[in-house]
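I've put the structures underneath this note.
You will see subunit A twice below: alongside subunit B first, and alongside subunit C after that.
Then we have the complex of A and B:
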């Protein structure tokens, strides 16, 4: 609709609150974080310009290197395990097996429960004394494998990472919606050609929902990079920083009043995120774009 | 084409060959595995929250001899859960209403009117979905210190309303775009002004979009932990998510009350999901499929 006389004021008034909040909590913070990453600042006295010192500090800090490595592993695991599993289940459920709607509801359930509650639930699974996992192992006569899952440097990171990978509902629902939008004529053609259900899935459905798959992989990578709650609650980065993540690292830097270091690690996280989004886009090579 | 026809096209006739039977069994193993994986810990949680600590320590998988409902009252009184729930309720309600009001106003301007910068503004908002917000802890903390809202629930209400804007605008704009401009033009001829059309015509039309965005936003607010943890510190301002975590330090021996508190904390999310399930799922896909 073209703007009518006297309506520009309305449009401006209607846009203003959203723009104000967006500038305040998205645009300004990003510029602020980048700018302040070049200052030494304890949060109390005036910031002092220090060039790239904060970056030098975090890149020589073994804990930061361990954190960013963990984040990359986390993002890769989400993209390469969680999303493919979600795709598999999306293909299965969109063939509408019995009770498929109930299963969709169940799979999506963890998405509406807080990350903290889920993490506390899993701390009950991994608890060394009364945990479900050790209890199960003892019941099966495998008691010798029982361990302090979250305290053992060999198992801690795997434990905090793996449990979430099997919560596939979110990505599955996105890809199921993509499948619903596919035109029936493709399936008719596949049927005429005598394609089996698996062939149809591989050669018709999957290529046609590549936008949804792309969305899921991007989201999975971003979520992997910004994870915090699980680790904060289950291990707080331990044992010996084995499970540290960048957001936890920057949280701890903030607690130690090293705001410069916290900002530098924020910038690295944002930059890595941007690179990941762009490269996933490149990988998918959308002809239209 | 009608939905019925599509369902027929999608289903392949099942033929009893050994290969098909094996595939079918595999399929059901997968379906059941993911369902059990999701539900088992939750059911375990509810059962354990009704046991005594002694029963829990003796066997994590046993059933309670007598359901211990007082675990729930213990959780309430010992951790002041009532206050925390109230805090979460007010934060989530105000955060949701503010978010939906601001998002629908902006979506109206962007969806219905052509002006310079319109799509750039919308693209900027959409890009906001991808910003790793947890990386912005320092600036958020500084902003709220400067305006004097540290340790004040108002900071959470404003912040939650703001960080939910990109998603809400994506959803609400999608619903508004679905209505052709012509219906508004008829209203203009009848002398209906800018605000009249927004309040009396467009908002009622996109009601389900508002509910979808609101449901999403409410669940996000209710579940938020990182910034509630960062921006508040007084015990009387704790939200429920901070509250249940508090249990891990406070009652290291009273596990069953902790599990009762977790059950209390997740019931509202599950209830809202149960009521608005359709909205949650369509809202999610509206935003994501176009991505």
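Then we have the complex of A and C:
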């Protein structure tokens, strides 16, 4: 829709306050982060220009490499496991089986419970001395598999990842909303053609909610890249940095008063995030209106 | 409605909204300017000006020192009524408080009085030139003699004093005597070799001999490492730097300690470690005196009464009997332009380090302080014993985190995990810490 002459001023004035705040609190900090990433700064004394020194330091730091690798794995797992799982649940629950509303609430519950409370719960589940998981293994006669799940380098990352993957409720609700909007006539046509429920789901429902799926995959990838809370609370990046993530890495840089390094890792995270979003968008190849 | 009227309404609405949004910021900024007034707040009281000092304070709310320390501030304000006034700004979130202090220091608006727990931070703040130089204050022997031996020397930066050591952490090794006797250990170990023997016996009875952790800041294991460093390197080991072989030797001892601890030690935090000792699942533990109250209230029945305490262990017959003794909180002052305000700060520091006040604070809170007190004046017998043992110790030494830059302390837990998982050698463990120190 084209604006009539004279209406532009009103639009600009209405947009101005929000734009001003957005520039102040998002755009300016991003430029500031990029600028400060070329300085050595302890947060107290004057910053000293150091060129690409901070980038060189973090790219030669094995902990950063491990952190970014973990982030990519996390984002991939979120896109390839969490979203399909949420889609599956959405497809099942949208058929409104018995107690579907209760199941929808149960799956959404982790989203509304404090992350700290859930982390404490999982921490107790994985504890090697009195944890529920080891207790269960011993009860089943599989005591030889009992281990310090969060302290064992072979199992720690998988444990925090599995815990993260349980957050499917958010994506499930988005996709259920998409399914609700599908016109009933598509299903009637599929029924007339003799399509099975699985065929209907695969060839009618999923293609028609591709925008919702795209949104969920984008969100899952972004959340995967910026995850912090779960790992910080469960393992704090341990054992031996096996579960470290980029946000945790930059948090630790700040704790060490290395604000230049923290800014440089933030810039890398922003770049990786932008690449991921553009890639996902290209993958789906939507026709722009 | 005409088009021009719509435009006018749109314009007015936008302006009103924008002004409304910034009105809050504007008014608070004005208020702030009025009250802070170039960092010097003076209130007119009759003919003389009362000097008001701002003190963002963490010893408030449910903190064990809150009641008595609050009373001390009130007493100071009463004694110096019309002359000085200390205004406490309650800070209950320590992390937020630390951020606030750092921000204020970096913007050159340090509070008049504030506390800092890390000596490394004080060095940083002093480098920025925003701390008050307290050297002349401590040159007065009436003040300097109040403090325990050596603590003022440890606080000096290039011969100058930028902070007053206040709360002190004295850390003994704690043994559960009941578990030790049940395992046939009748005497407290005096050396690491004797500790290993005791551990073997304790292990045989089904308890974890030692409490260890790598989670959070690996506090308990860091303390064990500090004791091992003291035993391997002696009193002046930190002066020699991380290049000293004592740090590698101590890492070997620490690695061996993990053979005698619980299976959840890797990743365990203070809750887990405390839980093991409080519930008699582990027999030997190390922590500061502040934990005694919790052992009494949360430990299994009889645990508190069966506690035995000792200082450090010897290694190859040397350097036994050390005691970990480090400042837990310093009191600093922002740099002042007004000499009268400097005097006010010094009067407050003098007031809160009076011996009788420190004794009252010690007895009420369970904490210990850098001001020297007679152990017979401490009502808690275990706390008094710790103070006495520390005073009689062969030597006292700071814990590793207190003696090292912040980055080294932060690198310690993950380096320890690599050491315990045998991914790195003790030599590489120390090299990791050296790298963090750079």
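We adopt the following convention: the second predicted complex is superposed on the first by the 265 of 289 C-alpha atoms of A that agree within 3 Å, B and C clash if a C-alpha of one lies under 4 Å from a C-alpha of the other, contacts with A are read in each partner's own complex, and residues count from 1 in each chain.
Note that in this section a contact is a pair of C-beta atoms (placed from the backbone, for glycine too) under 8 Å apart; a residue touches a chain by one contact, two chains touch by 3 or more.
Here the structure is a predicted model, which is why all the values come from computation and not from measurement.
Student: Determine, under the contact definition given at the top, whether A:238 touches first (subunit B), second (subunit C), both, or neither.
Tutor: second
Student: For subunit A, which side has the bigger count of touched residues, subunit B or subunit C?
Tutor: If we count touched residues of subunit A for both partners, the winner is B.
Student: Could you look at A:162 and tell me whether it touches subunit B, subunit C, both or neither (first, second, both, neither)?
Tutor: Neither partner.
Student: Taking the superposition on A as described, I'd like to know which of subunit B and subunit C A:151 touches: first, second, both or neither.
Tutor: The second partner, subunit C, only.
Student: Considering only touches as defined above, state whether A:14 meets subunit B (first), subunit C (second), both or neither.
Tutor: The answer is both, since A:14 touches subunit B and subunit C.
Student: A:125 contacts which: subunit B (first), subunit C (second), both, neither?
Tutor: Touch status of A:125: first partner only.
Student: Once the shared chain is lined up, is A:252 touching subunit B (first), subunit C (second), both, or neither of them?
Tutor: Touch status of A:252: second partner only.
Student: Let me check the overlay on chain A: which residues of subunit A are in contact with subunit B and also with subunit C?
Tutor: After superposing on chain A, subunit A residues 6, 10, 14, 17, 21, 129 contact both subunit B and subunit C.
Student: Which subunit A residues qualify as touching subunit C in the complex?
Tutor: The contact residues of subunit A facing subunit C are 6, 9-10, 13-14, 16-17, 20-21, 42-45, 63, 127-129, 148, 150-153, 156, 235-241, 252, 255-258.
Student: Could you please specify the touching residues of subunit B with respect to subunit A in the complex?
Tutor: 1, 5-7, 9-12, 23, 27-28, 30-31, 34-35, 37-39, 41-42, 44-45, 48, 56-57, 59-61, 102-103, 105-106, 108-110, 112-115, 121, 124-125, 128, 130-143, 158-159, 161-163, 165, 169, 181, 184-185, 188, 194-195, 198, 219, 222-226, 230, 241, 244-245, 248, 255, 258-259, 262, 265-266, 269-270, 272-273, 277, 280-281, 284-285, 288-291
Student: Which part of subunit A faces subunit B closely enough to touch in the complex?
Tutor: The contact residues of subunit A facing subunit B are 1-4, 6-8, 10-11, 14-15, 17-19, 21-22, 24-30, 32-33, 36, 88-89, 92-97, 103-110, 112-117, 120-125, 129-132, 135-136, 139, 166-170, 173-174, 176-178, 181, 184, 187-188, 191, 197-198, 211-212, 214-216, 218-219, 222, 225-226, 228-229, 233, 246-247, 250-251, 254, 259, 262-263, 265-266, 269-270, 273, 277.
Student: Please name which positions on subunit C make contact with subunit A in the complex.
Tutor: Residues of subunit C touching subunit A: 3, 6-7, 10-11, 13-15, 17-18, 21, 102, 105-106, 124-125, 127-128, 214-216, 262-268, 272, 281, 406-407, 410, 413-414, 417-418, 421, 423, 436.
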